[in-house]
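A quick write-up on the structure given underneath.
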Amino acid sequence: MVRSLKPVRLLEIAAELGREVEGDPGLLICGVAALEQAGPSDIAFVRSAEHSHRVADTRAGALILLPDVDPGSCSAIRSPNPALDFARVVERLAPCLRPPAGLHSSAELAEDAEVDASAVLSACVVIGAGSRVGPRSVLHPNVTVYPNVEIGSDCVIHSGVVLREDTVLGDRVVLQPGVIIGGDGFGYLADEQGLPRRMPHIGRVVIEDDVEIGANTTVDRATFDETRIRRAAKIDNLVQIAHNCDIGEGAIVVAQSGLSGSTWVGSGAIIMAQAGSAGHLRVGERAFVGARAGLHKDVAPGSRVWGAPQLEARRWHKAMAALARLPDALRRLRAVERELGLRRARGAASTETAARTNDGARADRT
Amino acid sequence: MVRSLKPVRLLEIAAELGREVEGDPGLLICGVAALEQAGPSDIAFVRSAEHSHRVADTRAGALILLPDVDPGSCSAIRSPNPALDFARVVERLAPCLRPPAGLHSSAELAEDAEVDASAVLSACVVIGAGSRVGPRSVLHPNVTVYPNVEIGSDCVIHSGVVLREDTVLGDRVVLQPGVIIGGDGFGYLADEQGLPRRMPHIGRVVIEDDVEIGANTTVDRATFDETRIRRAAKIDNLVQIAHNCDIGEGAIVVAQSGLSGSTWVGSGAIIMAQAGSAGHLRVGERAFVGARAGLHKDVAPGSRVWGAPQLEARRWHKAMAALARLPDALRRLRAVERELGLRRARGAASTETAARTNDGARADRT
Amino acid sequence: MVRSLKPVRLLEIAAELGREVEGDPGLLICGVAALEQAGPSDIAFVRSAEHSHRVADTRAGALILLPDVDPGSCSAIRSPNPALDFARVVERLAPCLRPPAGLHSSAELAEDAEVDASAVLSACVVIGAGSRVGPRSVLHPNVTVYPNVEIGSDCVIHSGVVLREDTVLGDRVVLQPGVIIGGDGFGYLADEQGLPRRMPHIGRVVIEDDVEIGANTTVDRATFDETRIRRAAKIDNLVQIAHNCDIGEGAIVVAQSGLSGSTWVGSGAIIMAQAGSAGHLRVGERAFVGARAGLHKDVAPGSRVWGAPQLEARRWHKAMAALARLPDALRRLRAVERELGLRRARGAASTETAARTNDGARADRT
C-alpha cells in the first residue's frame, strides 16, 4: 500500500533528515511505500546492499539508500541507515491517522478531570474523576480512563484500552487496542476454610516515556508499590505482565510471553515470543531469552538462554539435537548391555521398562 | 439448554435439508437441543452409530440420524451426516440473536461513512470517516470501526471488537467479542542510541469471506502490504497473528497459538492450541501442527509435526517416550561403564557430572 | 502507596477482626500500606516471623502481626494470620473505588431489563433485553451485557467486559477489564466440500458466587449445556476456558493457561501459568499442574505433574536434569561402543546419525 503525504519536495525531506539529494531535488513526493508498491511520486527505501537487485524493478520516484548502492534512474537520498531514515520520513510527514480534534460530544468527563485543550477525546471515551490528559494526546473511541489517572503528552491510546485507577503514563506512550493497565494482581491467601481470598492490590502501574504496548496485553497493578515499565520498552500483543514487575529501558517482550509477579527485566533485554518467567527472578541487562523458554532462575546479563527449564543457548541446542537421537541411543544402550551380558536377549526387556514406556506412548493425545 | 425456534413442521425441516421424514411429518418442532435435554417438541441428533444407545433415554420428539441407527419411538430424518444437518437446522431456523434493527441513537457515524440500510448498528458503535458497512451486517454494542474500513454483507461483529483503519472484511465474517484487527505490527529498528524505534506499519489486514475469529484474538497490519486471512479459515480465542501472515483457505488455528511475522499457512492446515511459529516460514497445505509445537522451520504439506523444536510426529512420540526413561538409561550407562572399567565404582561419579545435575534439580521453581 | 481510609480508631479495627490491641487503642488510623511505605497514621502487617527484622525500619503507627513477633514501638493487633487479617481490613475499611452511584445518562438499557436501584451503571454501559442486574453490583464504563443475562448482587464488572447472551453470574463475582464470557465455542464440522462449518453453540456459561476472573480472559459458551466455573474459583489474566469446561470450587488457574473443551477441574486444584490441557480430561481435586505443563491425560487427585507430555513431578524433574546431561551421555555411549568394538574409531560416526543431528542444530531459529 501507499500512504499519502501532504506533497513535499524531495529537498525538504532530505533537509528533515539532515541528508543531501542526488538527482532531482525539486521532485514532488506524495506518498511513502515499499519498493515494489511505490509509484513515480512516492519515496521508498533499500534496506541494505543485499536488496540492491530490487532497485531495477521499482517504479519509485525517489529512494533512501546506502552510499554504495546504485539508485538506477531514481533520485536518491543517501543514508547510513535507510530503514531508520525511512521510518523518520513516515513518522514526520505521514503522521498516523488522528480522529477529529477536540472533545467529542459523546465523550464523558468527570467534572474535575483535566484535559489539555490540544488533546483529542473521541466518541464514547470516558474519563474518571481527578484524571489528567496532557497536550496533544489522542484517545480513540471507546477508551476508558478510571479516576486518578495521569496521561502525559503526545500519547496515542487506541480503542478499547482500559486504564484502571492511579495509572501513570509518561509522554509519547502508544497503547494498541484492547490494552488493560492496572487490573488487580493475582494474589490470594487461603482463608480459614481453605478457600482462596484476594490479597488487596493497592499499588499502581507506571508506564514511562516512549513505551509502546501491543493489542490485548495486560499489565497488573502492584500489591503495594509499583509495576513499572521503563523508558522506550516495547511490549508486543497478548503479553501478561504481573504485579510488581519492573521492565527495563528499551527492553523488548515479544507476543504471548508472560512475566510472573516481581520479575525484574534489565535494560535492553529481549524476551522472545511465548516465553514465561517464574516469579521473583531477574533477567539481566541485554540478556536474550529464546522463544518459548520457561525461566525458573535468574538470567545473567548479556547471556542467551533457551528451553524450559532454561539452559544456556549452546547447551540447549545440543540437548535438543541429542533428544531427537535418544530413541536410537536407547536401542544402542540395550545392544551394549546384551553384549556385556547385563541384559537378556532381544525381546526380553524388563517389565518395568515396558510399563514406563506406556506413559510416553499416549502423548499423541495432547 | 433448548434453543427456541419459530414453530415449524418436521416436514418443512426435512425439506429444508433435502431429506425425508420417518414417522410423523406433521410434528410441530419448537426447539433444538442435545439428546439429553430435548423435549417432545424438540429436534436433536445422533452423531454416529456409537451414540445409538443414547436414543433409549431421550425425550426428543424428532431425531436426525444415520440410516442404520434405530430411532426408537422418535420421528426421524435420515442423514449421511447428522451433525452437519443439525447445524444447518439451527442456523436456518434458530438464527442467532440480533440486536434491534437499524441505527441506535447512541451510535456515532462519521458524516461520510456509508452504512447499508439493512445493517444493524447498536448502542455506542463508532464508525470512522470513509468506512462502509454492507447489507445485513450486525455490529453489536461498543464496536469501534476506524476510518476507511470496509465491512461486507452478513457479517457479525461482536462487542468490544476494534477494526483499525484500512481493514477489509469480506462477507459472512464473524468476529467474537474483543477481536482486534489491524494493530500496528511489532517491528523495531535500533536508533543511533541503540533504543528501539518503531518501523511504521502502513499496510493493512484483509479478512476474506466466511472467516471466523475467536474472542480477544489479535491480527496485526502488515508493514507495507497485507496480512491476509483467506476464505473460511477459522481462528480460535487469544491467538496472535503477526504482520504479513497469510492464512490459507479453510485453515484452522486453535486457541492461544501465535504466528510470527510473515508466516504462511497453507489451505486446510491445522495448528493446534498453544503452538507457535518463528517468522518467515511455511506450514504446507493440510499439514497438522500438534498442540504446543514450536516451529523453527517449514512444515511439509500433509505432514504432522509435534514438539519444540518440531519433529515429525512419530519421531516426537518416540523421543518423548524415551525422555521419560532417560534417568533410568543414565543409570544403566553408568553400570555399563563400571563393567568396562571406564568408570570408578558407585559413589565416585565425576564432579563435573554432579555439578551439571544441579541445573535440572532446581527446575521445580518454574 | 498508601490507600486512604475514612479515619478509624485502632480499637475499632481490632473489633472488626475479633482481635485485641496492644499499645494505643485510640490511635487514629487513616491508611493501609506496606511496612516500608506506611506512616504514623497507617496500619501495615508483618507476614511471618521471617519478616520480623523489617519492623525496625517501619514508620507505621500500627501493625498486624503474629503473637511471637516483636512490634517494636508500634501499636499492635495480634493475629494467627496477619496477611489474611490485613486483607480484611483493606476490604472492609478501604472499599475499592466505585463509580458514581446510579444510572449514568449515557447508559443504554433495553426496556425490559431489570436493574436493581442500588446497582451502578456507568457511562456507555449497554444492557440487553431481558437482562437483570442485582443489588449493589457495579458496572464500570463501556461494559456490554447482551440479552438474557443474569448478574447477581455485589458483583464488580470492569470496563470492556462483554457478557454474551444467557450468561449467569452469581453474587460477588469480580471480572477484571476485558473479560469475555460466552463467546461461541470453537467447534467445526467438515461440510461436503471439506470446508470447516461452525457447529452451533446453544449452551451458556454459568459463573458461581465469589469467582474472580482476570483481564482479557475468555470463557466460551457450551455446545448444548453449560460451561461452569464453580464457587470461589480464581482465574488469572489471558486464560482460555473452552466450551463445556467445568472448573471446581476454589480452583486456581494462572495466567495464559488454556483448557480445551470439556476439561473437568476438581475443587482446590491449581493450574500454573501457561499450562494447557487436551480436551475431555480430568484434573483431580487438589491436583497441582506445573507451569507450562501440557496435559494429555487425566491428573489424579492430589498429584503433582509437570511437563508436556506430563510426568509425575519427581520423574519430570529427573528427566529434565538428565536431558541437560544427554549430550555428554551420548558421547560416553559412543566411547563404550568403541571399547566393545561395536563402533569404529572416533570420527567415523555413521552417516545416519550425522544426518539426524541436523534437525536439532537448526533449533536456534525458533
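Per-chain residue numbering starts at 1, and chain names A, B and C are given in the order in which the chains are listed.
Just so we're on the same page, a residue touches a chain if its C-beta (ideal position, glycine included) is under 8 Å from a C-beta of that chain, and two chains touch if they have at least 3 such contacts.
Since this is a predicted model, take the numbers as computed values, not measurements.
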Common touching chains of subunit C and subunit B: A
Self-contact between copies subunit A and subunit C, residue sets same or different by half: different
Whole-Å gap between the CA centroids of subunit A and subunit C: 23
Multi-chain contact sites of subunit C, meaning residues that touch two or more partners: 106, 124, 142, 160, 178, 216, 238, 256, 274, 278, 291-292, 294, 308-309, 311, 320, 323-324, 326, 329, 333, 336, 340, 359-360, 363-364, 366
Complex contact set, residues of subunit C against subunit B: 106, 108, 124, 126, 128, 142, 144, 146-147, 160, 162, 164-166, 178, 180, 183-184, 186, 188-189, 191-192, 194-200, 202-204, 216, 218, 220, 222-226, 238, 240, 242, 256, 258, 260, 274, 276, 278, 290-292, 294, 306, 308-309, 311, 313, 315-326, 328-329, 332-333, 335-336, 339-340, 359-360, 362-366
Contact footprint of subunit B on subunit A as seen in their complex: 1-3, 32-34, 37, 81, 83-84, 86-87, 90-91, 94, 97, 99, 104, 106, 122-124, 140-142, 158-160, 174, 176-178, 210, 212, 214-216, 232, 234, 236-238, 249-250, 252, 254-256, 268, 273-274, 276, 278, 291-292, 294-297, 308-309, 311, 320, 323-324, 326-327, 329-330, 333, 336-337, 340, 342, 353, 356-357, 359-361, 363-364, 366
